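What follows is a pair of complexes built around subunit A, which joins subunit B in one and subunit C in the other.
And now, the complex of A and B:
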């Protein structure tokens, strides 16, 4: 796809999101969550480029969400709070990335899983600090100095999510086209070749890991500002699986895929949970299986296939 | 150190006895997961669901047969029967219908297929057994208690947790090692694990070996669940926590190592119960701390090697 067509598609996508949120008020909440999860899924997709699947990225989502919950009292300004939470998530990503970038495939996946479960248990067990499974309320924040009421606040987070989504999509696109991003595929095919070219694979993976942690952190901060309530479950391993699911659903091709996947995922979830409360996971699981077995390229390629 | 032991030595002993039962259960689940990974090269996330379904079925079957009025060994037999049923029905079904289609795929997609299956089975459990805790402890009560001396006192332990569970785990370990080393089917499994192509070339039916192995793994998972059902109430989400724990065991031991899984399960089981007595907050952290510590020093796991032979 040419640059111009993709830019056009992204613009149409943004307009469609805004129009839908305007026409159907309850969609604002769903779409904000979907955009947030799309950003996190985009990060997971970067790692998938290198053939590595993380079953632990919900840790960064939960970490940034709790960072927002703790700091919102002192830093009441959302436009400061967001970058701060993202930065903290990126720093955590750097520390953990230094460790996990040494491992590949199953071990990489399992280590991420294990570390995220450690974090989850910490959130759950240290009741005196985190209020355990009850979670924490996020205090009200201002946007650019303005106190917002309910509807205005919802719009503010939605617009912030949209801007961040577009920003990160652009960043991911530039990164994947850069030598450092291209090298990710080298990790998937044969790492030794990267080394022969003088590129240290660990560092290549580490850069992608820190980026993906920052994106997952962005998602966590946005979710905390939308739901105004954070719980340890945000960091449970099934939440990490959800992110991988979204990537596959959208199709791991372009940077728009994860967002398409996230919106489809959230809509299916909302409808399935409303109509068959006890079976929404059953429906999502069946959808995931159908995508993997019958529509390997994901929703993105289905759309493209029809247009071509 | 010496003074600490004088004060807490007995308590430590109790903690270790307590940990035996949980180590036995962890071993049963993890060894099944490990066996399946060793042969099929698929890390089965739905393994935890088989554990949960085994537990629910055992509790249901026990209640239906009125195992409270049976002799103790018969009540234990009911648990094993439930596990065998679950494994023999679901194992072949999952392998034939689902896994067979994805052996040639990337790791990521294989993981996701089993993740999808896990999600679906979570809801199937809720639809069949509801969300209320299910408890049926007849088998454990029937075996009675054993008094363990504690200073001038006696502490009652259930014989089920002290002898039956560890006993079964040891039987399974010995049986499995014997099966793989000494029987024709077992050696066929080892052959397929080592080199599928060469094994097929000399006439081994690899498809059958895959089916057999997956079914055995499913029975082991269900057995872990069934045997755990008398010791604690079964709640939704037990499958999710079980699978993460067995992942930790398998990765710590080294993928595909059976004796390694036993030793690691023992380490983690004992470590957890010691933590319960001395630092309760850290209990859930222990398995992962052990795993991270081991992988930092030995990236391929305690017993993992880089050679192709895995079992």
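And now, the complex of A and C:
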């Protein structure tokens, strides 16, 4: 797909999101969550480019969400909270990345899973601080100094999510086209070649890991500002699995894939739950099976296949 | 900080200027159908409560609609699964209110869901009945205009078994606790400990066991409890975990050494059958028991129990009674609001105004909703016994605790209130019946 065509597609996509949010008010909330999860899935996709699957990235989502919940009382401004939470998630990503970037494949996936479950347990066990599974309420915040009521606040966080989604998609595109990003493919095929070229694979993976942690943190902060209630379940392994699911559904071929996947995932889930409240999991599973069987490159490959 | 008349006048004047006309009270039209949203667990471990809750809702709504509905309007329920978590629930809540135009929400079994939904309900200005969740934090931390609870909360549900224990077995010296490691397990233990320190300060806690939520093996805990020989073992666990714990404890004869206090065991009795021996203390999160010793209207209780058994082939457990209470409160509130509105259909403010002080019938009692939105529900605690009539334990020596005896007063923090209790409260406990 050409540069211009992808940009056009992204623009259409953004307009469609805004139009849907305008026409159907309750979809604002669902679409904001979808965009947030799309950003997190984009991070997971970067690691997937290096052939590494993380089953623990919900940890960064939950970490940033709790950071927002704890800090919102002191820092009541969303435009400060968001970068702060992203920075904190990136720092955590750096610390954990230094350790997990040494491992590959199943070990990489399992270590991420294990660490995320440790964090989940901390959220649950430090009951007097986090209120355990009941979760924490996120106090009301201002946007650029303006107090917002419900509808205004929903629009503010949707627009913020859309801007950040576009921003991170552009960043990811630039990054993947840069030498450091191209080197990720090298980790997937054969690492020794990278070393012969003078590129340390560990550092290549670490950069991708910190970026992906920042993206997951962005998602967490946006989700916390949208739901205004955070629970440890955000960091549970099924939430990490959901991100991988979204990448597979959307396709890892381009930066639009995770967003397509996230929106399809949320909409299928919402409409399945609306039509059959007790069998929505079945429908979601059937959709994923269909994608795996008939569109191995995800929804994104369907778009590309028809247009290329 | 009181509101003076001047404040009220100014507030009204500015409110009138600033509020867009759509937000001001509008007279409501009598709808074709009364749409209500019901959030309940349809998947996950808590579906042991959620599915009976939904079954009861379907049965009762059928009955109400056969009788002409509410004010001539039939009810149409929309069910939402709480299983996927708070994000999904908040999205569905918005969908039901904004898209399906439900007039009332019946929210949540999980306390976490309730804590997340209630502020949203307030923002959406939609009457929300908290039909089953236990956390006492809701109305103690904040005041709500649109949220009401049609049942008790954790405080009476923990204090009543504690008082029962102090009445029936006052000589115990050591206590161990085995609760699920999540909010309810921790909260209920904090409440119990606060009450016990006030009412029996010499009781010693010998073990605090919090196996992980969803645990399937309690052999380590049973071994530890067998070695420690506590006089009393408290467990507020529920569902599959309580069933498993009871079976594993029974196999290793833990029940012979210690008295168990199981405040939620009513919901497990039929499933565990004879595994639960006689002589242990059982609660039901309210006064829910098909052999209630003194129901307000025996015919009403029998009708509910028999209809439920006929349709679903099991005895109703506490969530089904809680659903009855929520729907009964809804009927009473619409009747009250319509009477206050000259027989016309109420708008959301008029409906919300009907709830404080509302009286309605549960299957077993006449209940009220306090001015802070909290429901006043009596608590029934009994001792397990076996008879030849039924293949599972039933209750004897039941005490029905009046709601005002065991509920923290309006505006009081439960833990602080429990810490300040004096032993006089024991003299006010009614005598056992049945």
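Throughout what follows, the second predicted complex is superposed on the first by the 305 of 308 C-alpha atoms of A that agree within 3 Å, B and C clash if a C-alpha of one lies under 4 Å from a C-alpha of the other, contacts with A are read in each partner's own complex, and residues count from 1 in each chain.
Convention: a contact is a pair of C-beta atoms (placed from the backbone, for glycine too) under 8 Å apart; a residue touches a chain by one contact, two chains touch by 3 or more.
The model shown is predicted, which means the values in this text are computed figures rather than measured ones.
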* Asked: Which partner does A:150 reach: the first (subunit B), the second (subunit C), both, or neither?
  -> second
* To do: Look at A:245 in the shared chain and tell me whether it touches subunit B only, subunit C only, both, or neither; answer first, second, both or neither.
  => first
* In the superposed arrangement, which partner chain does A:223 touch: subunit B (first), subunit C (second), both, or neither? -> second
* Structure fact -> In this superposition, the partner of subunit A with more touched residues, subunit B or subunit C, is B
* Partner chain(s) touched by A:237 [first = subunit B, second = subunit C, both, neither] -> first
* Asked: Which partner does A:23 reach: the first (subunit B), the second (subunit C), both, or neither?
  -> neither
* With the two complexes superposed on chain A, say which partner A:134 touches: subunit B (first), subunit C (second), both, or neither. => second
* Given the touch rule stated above, what does A:280 touch, subunit B (first), subunit C (second), both, or neither? -> both
* Asked: Is A:270 contacted by the first partner subunit B, the second partner subunit C, both or neither?
  -> second
* With the two structures laid over each other on chain A, which partner does A:292 touch: subunit B (first), subunit C (second), both, or neither? -> first
* **Overlap of the subunit B and subunit C footprints on subunit A, listed as residue numbers** => 124-125, 278, 280-281
* Structure fact -> Note: in the complex, subunit A contacts subunit B through residues 48, 51, 53, 55, 99, 102-103, 105-107, 109-111, 113-115, 117-118, 121-122, 124-126, 236-238, 241, 244-245, 248, 278-282, 284-286, 288-289, 292-293
* Asked: Which bits of subunit B are touching subunit A when the two form their complex?
  -> 43, 45, 98, 101-102, 106-109, 111-113, 115-120, 122-124, 126-127, 240, 244, 247-248, 250-251, 255, 281, 284-285, 288-289, 291-292, 295-296, 299-300
* Using the touch definition up top, name the residues of subunit C that touch subunit A in the complex. => 42-43, 79-81, 84-88, 90-92, 94-95, 97-99, 111-112, 115-116, 119-120, 123-124, 135, 137, 181-183, 186-187, 213
* Touching subunit C in the complex: which residues of subunit A? -> 24-26, 29-30, 33, 124-125, 127, 131-135, 137, 149-150, 223, 227-229, 231, 233-234, 269-270, 273-274, 277-278, 280-281
